[in-house]
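Presented sequentially are two complexes of chain A, the first with chain B as partner and the second with chain C.
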Partner chain A sequence: MTGAFAQRSIQIAFLGVVGGAWWLLTSSHAVSPLFLPPPEAVYTAVSRLVVAAPFWSAVGVTLATIAKAYGIAVVAGVFAGWLVTRSKFWTEVFEPIIAGLFTIPITLFFPMFILFFGIGAGSKVAYGAVYGFFPIALNTIAGLGRADERYLRAARSMGASSLETFRHVLLPSAFPVLVTGLRVGFFICFASVLGGEALSSIAGVGRNIALAAELMDSARMYAWIVVVICFAVSLNFVMTSIENRATASEAARR
Partner chain B sequence: MSMIDAPREIIMGMPRARAVSLTRWAIILAAAAALEIYGRFFADPAFIRPVSAIVGAWFNPVMSDERIFWALSMAVFEIAVAYALSIVFGAAIGISIGVSNFARASFLPIVLLLYAIPQVTLMPLFILIFGLGAAGKIAFGFTHGIFPIIVNVVAGMRDINPLHRSAIASMGGARADLLRHVIAPNMAPAFFTGLRLSMTLTMLGVILAELYVSTGGIGYFTRLYAENFNPAPLFALIGTLALIAVLFNSLVRVAERRLTPGARAPAKLGLSGAKSK
Partner chain C sequence: MSEAATAIGAGATAAGLAPAISIRGVTQRFGAVGAAQGVLALDDISLDIAPGEFVCLLGPSGCGKSTLLNIIGGLFKPTSGEVTVAGKRVDGAPRPDEIAFVFQESTLFPWYTIIENFRIALKFQGVPKSERDDLAMDALKAVGMGGFARHYPTQLSVGMRQRVNMARGICVRTNILLMDEPFAALDEQSRMVLGEDLSTLLAKTGKTIVFVTHSLAEAVFLSDRIVVMTARPGRVKTIVNVNERHPRAPDFMLEPRFGEMRNELFALLRDEIRRAMALQRDADGGGA
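Showing the complex of A and B:
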C-alpha cells in the first residue's frame, strides 16, 4: 500500500518536475521562447486554437485520412493474413517476406507515394494503409496460426463448413493477438498519416505543425503538439484497456 | 506445432525447408519480372520504370553523383550514431529502472507514457532546435530508438530465478558475478529483441528527418526526382536505402545469433515477456 503510494508520488513528482522546469526555464529567460515558449503562452495558444474554424477543418481532414487508411489496412491485412494461413506451406513462404519488409522503414517509400498520388490526401491514405497493413497482417498470421490442431480436426470431423470453422475455432483463438495487431496498426497508421502530412501535404494536422514551425510560431506549434499528444495518449489508454479486457476474458474462458 | 508437419517432410521432391525458400525466391523474382514487363511495355515512364532502367539509374546518376553518395553516407553515419547512443543510454536507463521492483513500478509507467507519444509530431520541433544538419536527424533517430531498448532491458531483468541469485551469493560471488553470470544471460534474449526493434525505429526516425529536411541530403534528391517525375533514380535511391536497412537489420540479427547464450538460457527461465514481443 505504502509502496504503491510512493510509486504514484514519484510519478506525479516527475510530471511536476518537468512542468516546473518548463516554467523556470522560460520565466528566467534561460531558453529562447522560440524553442520553448512559456506554459501560459502555450495555454493561450491552445485555447485560441481549438475555438477557431481552421483547427476543426484540419482535424477533420486528418481524421478522415486516418479512417480511410486504417479501414484499408484492416481489411487488406486481415484478408491477407487469412489467405496466407490457409496452408502451412504458404504461411512459411510469406510470413518472412512480410516480416522482413516491415523491418525496413516504409517511410523510405514515401516519395513514391507522392509521385503516384500527388500531395493531396490520397498519398497519405495510401502510405498510412501500407504502413498499417504490416502489423495487422503479421498479427493475423500469428493469431490464426495459434489455433489448436485438435479443435480444427474436431470441427472438421463434425462437418463444420470453413465459415463455421472460422467463426467458432479460428476467430476465438486468434482474437487476442488480432486485437493487439489492430491496436498497433492503428497507431502506426495514425503516426504515418501525421508524418506524411508533415513531410508533404496541403492540409491536415501534420501540415499545420510543420507550418507553425516554418513560420517560427512556436506557441502555436506547441499547442498543436499538446493537442495531438493528449489525443494519442488517451486513445492509447482506452485501446490498451479494451485489449487487456479481451485478453482477460479469453483467459477466463480457457 | 502439430504432429502432421514433421521436419523431414518432402515437398516437390525436396526437403520442406528448401521448397519453402525456393518458392519464396520464385515469388520475389516473379514480382521483379512483372515490374520489368509492366514498366517496359505498359507503364507511363513518368511514374514507373522497368527494373533494368532502375539498375541503370543506380550506376548513373545515383552512384556516380558525389552529392548523392555523400548524402547516403551521411544517412548511414546518422543511423549509426543514433543507434549507438540509443544502446548506451537505453541500456543505462533500462538497468537503473529494472534493478529493483520499486524502481520499475515507479518509473516504467513514465517510460511507457513517453513511448506512447506519437513522436512524428515533434519532428518540426527537433529541426527547429537542432537545425537542418546531422544533429537534428541523430537526435530524432535517438529518441525513436531508445524506448524499445529501455522497455526490453527492463523486461529482461524481470523474473530472474531467485535460486540463481542465491546460488551466486552462496558461492561467494560478487555483484559483478551476479551481473555477468545471472542477470546478463537472463536478459540477453529480451535485450536483442530490443536491439532489433530499436534498429528499425532508429532508421525510421533518421529517414523521417532526412525526408523532412528537403534542402539537402536524401530529402533533397527524393523531392527533386519525385517532383520532376523522374522515377528511375528515385527508385534506385530508395532501393539503395532499403538495402542499407536490410544490411543493418541483418548485422543486428547476426550479432544476436552470435552473442545470445542460447544453450545457457533455456525457455524455462521465464522470459514470457520477451517471447511474446
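Showing the complex of A and C:
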C-alpha cells in the first residue's frame, strides 16, 4: 500500500518538476518564446482552441481516420495471425517474414501512400493500418501458438468445427497476449495517423499542428499537442485497464 | 495369442450381439519402414467389443495402449487394418455422435466455468440449446458436483476436476466412452472412490467402455474383460474375463478371487514389463 502510494507520489512529483522547469525556463527568458511559449500562453491558446468550430471538425477527421485505420489493422492482423497459425509449417514460414517486415521503417514509403491514395484521409488510413497490422498479427501468432495441444485434441474429439475451435479454444487461450498486441497496435496506429497528417494532408489534428508550426504560432502548436497528450493518456488508461483485467482474470484461473 | 483373442471376440458375437467396436488387424508404425527411428507400436491387433461391455487395455508403458485408444476414437489413422464402430468404418476422423473421450489429464477448459464446459461440449456435439443445461446438471449431480457448476476448474482439487471431467465424458450422448488413464493423476484412495462411482454410473448408462490403465486393481475392479498387451510391439498377449456384475461394491476387492486375478495379471505382465525396460535401456544405450 505505502509502496504504491510512494510510487504515485514520485510520478506526480516528476510531472511537477517538468512543469516547474517549463515555467522557470520561459519566465527567466532562458528560452525564446518562439521555441517554448510560457505555460499561461499555451493555456490561453488551448481555451481559445477548444471553443472554435474548426477544432472539432479537425478532431472529427482525425478520430475517423484512426478508427478506420485501426479497424482495418485489427481485422487484417487477427485474420492473418489465425491463417498463419493453422499449421506449424506456415507459422515457421511467415512469422519471421512478418517480424522482419515490421523492422522496416514504413515511414520511408509514406510518399508512395500519398501517390496511391491521394492527399486526403485515405492515405493516412492506409498508412496507419499497415503500421498497426504488424504488432497485432505478431501477437495473434504468439497467442494462438500457445494454445495447449490437450485442449485442441479434446475439442476435436468432441466434434468441434474449425470455427468453433477458434471461438472457444484458440481465442480464449490467446486472449491475454492478443490484448497486448491490440493495445500496442492502437498506439502505433494513432502515432502513424497523426504523423502522416503532419507530413502531408489537408485536414486533421496533425495537419493543424504542422500548420501552426509553419506560421510560427508556437502557443497554438503546443495547445494542439496538449490536446493530443490528454487524448493519448486517457486512451492508454482505458486500454491498460482492459488489459489488466484480462490478465488478472487469467491469473485467477491458473 | 491372437487366436485366443479372436475366439473370445467370436464368443461375444455368438451371444447374439453385433460388436459395438470391431478392431481388425490394426498395425501402427511410427516413422518409415526399416528406418532407424521407425517404431512398430502396434502389431496386428484384432478384437471385438460387445455393446455395454467394459474392456480394459492393460500393458507396460509404451506398449501402444493409448495409441490403440486414439485409433479407435479416430484421432489418428492406423498404418494398416481397420476399426468399425456401429457398422461404420472409423477412418482417422472423430465420431462425436458415437464416441466420447476422457483423457488422462483434465481437459476442462480453464477459461470457462464447469457448467460452461459442459454446455460447450454438448454444443460441439450438436445437442440443442434447450437440452444442454438439464443434461449438464444431471451429470454433475450424478457425481455429487452439482454445487460447483459456477466454479472455474482451477478452483477445484485435482480429484474433483477429474470427477467433473469424467462426468462430462459420460454426459454427452454417445454409446462408446474411451478413457485414457483417467485416474492416473490421483492418489490411491481417490482412485478407488472414483472407480466405484464410475462402476455405479456406468451400470445405469449401459455404455460400451474401453479403458486404458496401469493399475492392476483398477483393471480387475472395473472390467468385464482385461486385454493384456505385450511390450513393444503391442500385441494381444491374452484376455482375462472377470465374471462379476456391475455395479461393483468395494467388498469385491476383499474376495479371494479378486486377489487371485490380480496376481494372475501381475504374473502375465511381469515378463512384459522386464522386456519393456530392457528395450528402453537398449534404446537409451544406443542413443548415447
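FYI, the second predicted complex is superposed on the first by the 244 of 254 C-alpha atoms of A that agree within 3 Å, B and C clash if a C-alpha of one lies under 4 Å from a C-alpha of the other, contacts with A are read in each partner's own complex, and residues count from 1 in each chain.
One rule holds in what follows: a residue touches a chain if its C-beta (ideal position, glycine included) is under 8 Å from a C-beta of that chain, and two chains touch if they have at least 3 such contacts.
Computed from a predicted model, the values in this text were never measured in an experiment.
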Chain A residues touched - chain C or chain B, whichever exceeds: B
Partner chain(s) touched by A:S157 [first = chain B, second = chain C, both, neither]: second
Partner chain(s) touched by A:P105 [first = chain B, second = chain C, both, neither]: first
Which of chain B and chain C A:V169 touches, first, second, both or neither: second
First (chain B), second (chain C), both or neither touched by A:A246: neither
Overlapping contact positions on chain A, where the chain C interface meets the chain B interface: none
Parts of chain C lying in touch with chain A, wherever the complex brings them together: 73, 75, 94-97, 99-101, 103, 105, 107, 109-112, 120-121, 123-126, 152-154, 172
Partner chain C, residues of chain A touching it in the complex: 150-151, 153-160, 164, 168-169, 172-173, 175, 250, 252-254
List of chain A residues in touch with chain B within their complex: 3-4, 6-7, 10-11, 14, 34-35, 88-89, 92-94, 96-97, 100, 102-105, 107-112, 114-116, 145, 149, 187, 190-192, 194-195, 198-200, 206, 209-210, 212-214, 216, 218, 221-222, 224-225, 228-229, 232-233, 236
Interface residues, chain B side, partner chain A - complex: 1-5, 11, 16, 19-20, 23-24, 27-28, 47, 102, 105-107, 109-110, 113, 116-125, 127-129, 196, 199-200, 203-204, 207-208, 211-212, 222-223, 225-226, 229, 231, 234-235, 238, 241-242, 245-246, 249
